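Structure first, then comments.
Read from first to last, the chains carry the letters A, B, C and D; within each, the first residue is number 1.
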Amino acid sequence: MRLKSTLAVSALAMMAANPAAAEIRLGAVLSVTGPASFLGDPELKTLEMLVEEVNAQGGINGEEVVLIHYDDGGDANRARTFATRLVEDDEVAAVIGGSTTGVTMAVAPVFEANEIPFISLAGAVVIINPLNPWVFKTPHTDRMACESIFTDLTARGLSSIGMISGQGGFGTSMREQCIDVAGEYGIEIVADETYGPRDSDMTPQLTSIAATDGVEAVVNAGFGQGPAIVTRNFAQLGIDLPLYQSHGVASDAFIELAGDAAEGVRLPGTALLVADLLAEDDPQHAVVTAYRAAYEDRFEEPVSTFGGYAHDAFWIMAQAIESAGSTDGAAVRDAIEATTGWVGVTGEFNMSPDDHMGLDLSAFRMLEIVDGGWSIID
Amino acid sequence: MTLMTVEGLGIDFGGVRAVDAVGFAVKPGEIVSVIGPNGAGKTTLFNILSGVYRPDRGRVMLDGMDVTAMAPHRLAALGLSRTFQNLQVYLQMTALENVMAGRHLAERCSVIADLLGLPASRRRTRETADIARGLLARVHLERAAEREASSLSYGALKRLEIARALAAQPRLLLLDEPAAGCNAVETEEIDALIAEIAAEGVAILLVEHDMKLVMKISNHIVVLDHGEKIAEGAPAEISQNPRVIEAYLGTQAEGGHALC
Amino acid sequence: MRLSPRTWTLIILAVLIALAPVTFPSAFYFRIGALIFVNGLAVIGLVILFGYAGQISLGHAGFAGIGAYSAALMPMHLGLHPALALFAGAVLSGGLAFLIGRPILRLKGHYLAVATLGFGILVFIVLNNEAQLTGGPDGMAVEDLGLRAVSDALGLGLRTAEVWYWFMGLVLLLGAFLALNLHTSPTGRSLRSLHNSEVAARTLGVDVVRYKLTAFVISAVYASLAGSLQALLNGFVTPDVAGFLHSIEWVTMAVLGGAATVLGAVFGATILTALPQALTVFQEYEHLLLGLIIMLVMIFLPAGLLPSLGKTLRQGESI
Amino acid sequence: MYEFLQFVSSGMTVGAVYALVALGFTLIYNASDVVNFAQGEFVMLGGMTTVFLYDAGTPLWLAAVLAVMITATVGVLLNKLAVEPARGASVVSLIIITIGASIFLRGVAQIVFDKQIHRFPAFTGEDPITVAGAAILPQSLWVLMGGAAIFGVLYLFFTRSVIGKAVLATANNRLAAKLVGINTTAMMTLSFGLSAAVGALAGVLATPITLTSYDVGGGLALKGFAAAMLGSMGVPAGALVGGLLLGLIEAMTAGYISSDYKDAAAFIVILTVLFVMPRGLFGRAVAERV
């Protein structure tokens, strides 16, 4: 009895949201709370903002866009349940989400089996390689972040580095990719430390790195409060080496949190962080400035790279639905694959049936923090 | 032939000698009572004998075997069973289950058989239940069999605990104040029950404040005061012993339990 | 004919499992059902440990982690069929429980709680850190158990979610059957007696260390199987399956439903699995409400939902 | 050598926060036998409230004082609304209530505050002090001294003041305390308020170093609970030693052995200690009374 009535109650709750005529149901599974809320929160805000924007302009192909989103709390099992719910119960036409790689990999098979186009917002290269015909992603891969950092190191004549990485999915995956790709750039990783997602002091790890012979620079892979603490500890210990952060340090909030310690820190970032520094004729200038203004105006918090991923995913999906002229899964999928030369806040996307991300290294700009603000290194 | 011999037994709690240099012997079918004022160390002695506490000094022999500081469940396997002064009934189990649980040593079954509910396991449970019902009848609790123990009266719980201890088919039974809190009729019943058990050849070690009961049924009495044995002998000798009388009169707080 | 509580419980469960799909509007509900059964299985294990033997564990997700990663790794590296990996994982978990149980179960109360918690966290850390083997925090894919293929071969015409629902329903019934058998068996009586009074049980010959260990091992096997089945159901696994929160979730299910009974376990699993799905309509108030509901239930029905409701019903009858 | 000192300073700072959380557990446990898993949320509330008051223009010291008072009120409310009404419930039921409270408080914080990461400035500057080559933040000294002061004041309170002694008496034997006329209900309320205030103070002291967000509480509760058990639940000195020890083990493992397994090392030590001393470092053996 209990079992049935509980389910019946939730059934009623969901029935209220059943499909009406002439609407496009867009699903989202995001880690709005939990250890990855740093990613999911701006992603959800961006999607909500953009859906309103599109509907205010008359929707897509004259149909209203309805966003149905669930918070997976960063847990793959819950995400999988919500993915099933989106497909089976909410009958969405397309899905954006998967804030983390773990969640993305857990939900992707659901969308693949139901032939629903899915754009992930997570970084790891495994999402698109091997290629899944229904799965796309808008963020750079963490491997590209490593390559970008290594390129800059090489340009500075540095080749021997220490790494300190977060133990979450983001840090772990990027650490592996960096180790994997280091050889190609003649970089040697001589010290390799990690820290937990909730750690509040990384001086022991940094002391060890600084004491390692031959370390010429330090690279920190991670997101959330970790990189801010690493940066502060780095300054506290007076380590006189170049410090590189990753693209996980993705908003002005980092500079606020790290304070003076952030001076001189370099990281591969997107145009979004340096909207005001972009030349007027920069292809990304318009889109970046518009998104940044809209987001910061509405939510009164600094825009982040992660919200930018959602921004690009939304527009790529919206345009694909528009050009497909319907929400037929295969047609939308083909339209996404046909996205070429589209400029988003993250970079210029050139999708193809073989490339489900469509970004190249040029999307990353090497940034340095100078006088409490960003500057672009060329 | 003695069943249990206790020699020079002692235990300290934080420097206080709770029991010291206590020795006595129990023969099969004999009823030995341990008496003494409150705090004399009677229950502590029981806890040592049943393996709950490890003694600091002395030894305990059972059937000529040294069983000092042996774990309670192993002592139980050697035929020692007990009740508790402050009641340790399984309150969330039925009266019947309490007595059935007392048959633990007799009904070893494999866990696998129990999980699968194999016929052997279920047959064993039925047999145990039959025996347990018999024991409940013996303590006049047959009608409470299916009731949860927590709903029974104090006197009933006392008797239930005796039934549970008997279920283990002990050769030596330690009874810690079996008649406490019982009315005259109930006390008489317990009196008869103890005598009956002893008549079957079970040795009984009894702690009891009801002196009428003690004097009536004991074969032998050991008197403790401040953890030490101050006297030992037949009931008639003990009731005349000046040290015993002094020990009891010295503790007026005993009130109702004065030596009669 | 008078049926035993054991038979009644099984009949009630079977009827609920069989009839619930009538109310299911979509395949999603079959997944929720399957998840309820997975959680229910683990919580029944905890009922044996906690409700029967009175021993708390805040680390049983550790065993789920071992089960889940056995199902993921053994087919990949040893070429074992997932079904065999599931049993191998259970043996592994049971064996590990046997080894660590002896020292851990000497502890009592909160000390036992922190020791089991520590064990669970250690498993999580290993799964999280040994990325070469486990894929690290991003997790790894799990081979298909092949249930759908079996169903299709039998011509049942069921969708994947439905196949899992019925399969897990059967597994849950089996788990309940075993736990109920145990309850009224000699072993079950010994477990419950040491729960009620450890000292009395000892003086009646119960080797409490051995029996606590028995309950610990059995519950570890239940948790391990639940972990394996969840991994196989999802086709994917992350270290979260072994996380502290997962352990806490199961304990909360057990206590919320009524820790001492199998039916309470399933009830608790149902509530805490379905409730978050219903609460999603409240958006950002979801967590606030979940916390509030858990508090209110425990304040007003401290014995857990099922026993408290049962008592109310019985009182209603007698008036 | 400077490395060792650096590790010690790191371990002590982190450990002091654990010790304060453990102390919070102990205060409530002593008064009510409740293991309060919402203890970490008090630290979060202390930090986050200070952040938001400070950002709204309140002077830092006032923001901190208000944050501690607000959190103490939350602690009292938790007792009055959730723990007291459930009196007589089993220990496990009470634990589940506090877990529910923890989820609830986090849910409230994510709405009242936000999901961003925050900090406020250190009390006396950010320039590290160099001691024998080791760089120590002034705020670390604030955490250590503040922690020491809290332990000191509570020690005096419990040993010198009438109310403090009444709380201790309640902890030792609730029935006896009631019989000699102590209002044990009030003592419980006081303990919850005190414990929440200690947690909030930890949050205020540590936030400039550790940063804070709506969800820092869970992890802190876990470590604080572990520290309290390591040093024996209910013994304030044990909370102090357990917390510092945990912090030091983590820092030393991260520095000398493996940062991957520093949390593992902490729990391995706890398990080992409990196997040898089943009641923790400061626990006394209690004879079973039957």
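The rule we apply is simple: a residue touches a chain if its C-beta (ideal position, glycine included) is under 8 Å from a C-beta of that chain, and two chains touch if they have at least 3 such contacts.
None of these values were measured; they are calculated from a predicted model.
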| item | value |
| --- | --- |
| C-D or A-D, whichever has more C-beta pairs in contact | C-D |
| From chain B, the most remote chain by mean C-alpha position | A |
| CA centroid of chain C to CA centroid of chain D, Å | 32 |
| Inter-chain centre distance, chain A versus chain D - centres from mean C-alpha coordinates, in Å | 35 |
| Centre-of-Cα separation between chain B and chain A, whole angstrom | 72 |
| For chain B paired with chain C, centre-to-centre distance based on mean C-alpha positions, whole Å | 41 |
| Chain B: positions in contact with at least two other chains | 52, 84, 88 |
| Junction residues of chain D, two or more chains touched | 110, 260, 263, 288, 290 |
| Where chain C touches two or more other chains, by residue | 129, 199, 284, 286-287 |
| Residue ranges of chain A touching chain D (in the complex, touch as defined) | 32-35, 37-38, 41, 167, 193-196, 198, 200-201, 203-205, 207-208, 211, 224-225, 228-229, 232, 236-238, 253, 257, 259-261, 301 |
| Chain C-touching residues of chain A, taken from the complex the two chains share | 1-4, 6-11, 13-16, 32-33, 70-71, 74-78, 80-81, 84-85, 87-89, 100-102, 105-106, 109, 113, 124, 126, 167-169, 172-173, 176, 194 |
| Footprint of chain C on chain B - complex, ascending | 50-52, 71-73, 75-77, 80-82, 84, 88-93, 97-98, 100-102, 104-105, 107-109, 111, 113-117, 121-122, 124-125, 128, 164-165, 168 |
| Chain C-facing residues of chain D, complex | 35, 82, 85-86, 88-94, 96-97, 99-108, 110-111, 218, 222, 225-226, 229, 233, 260-261, 263-264, 267-268, 270-271, 274-275, 278-280, 288, 290 |
| Parts of chain C lying in touch with chain D, wherever the complex brings them together | 50, 56, 103-104, 106-111, 113-115, 117-119, 121-122, 125-126, 129, 199, 244-245, 248, 251-252, 255-256, 259, 284-295, 298-299, 302-304 |
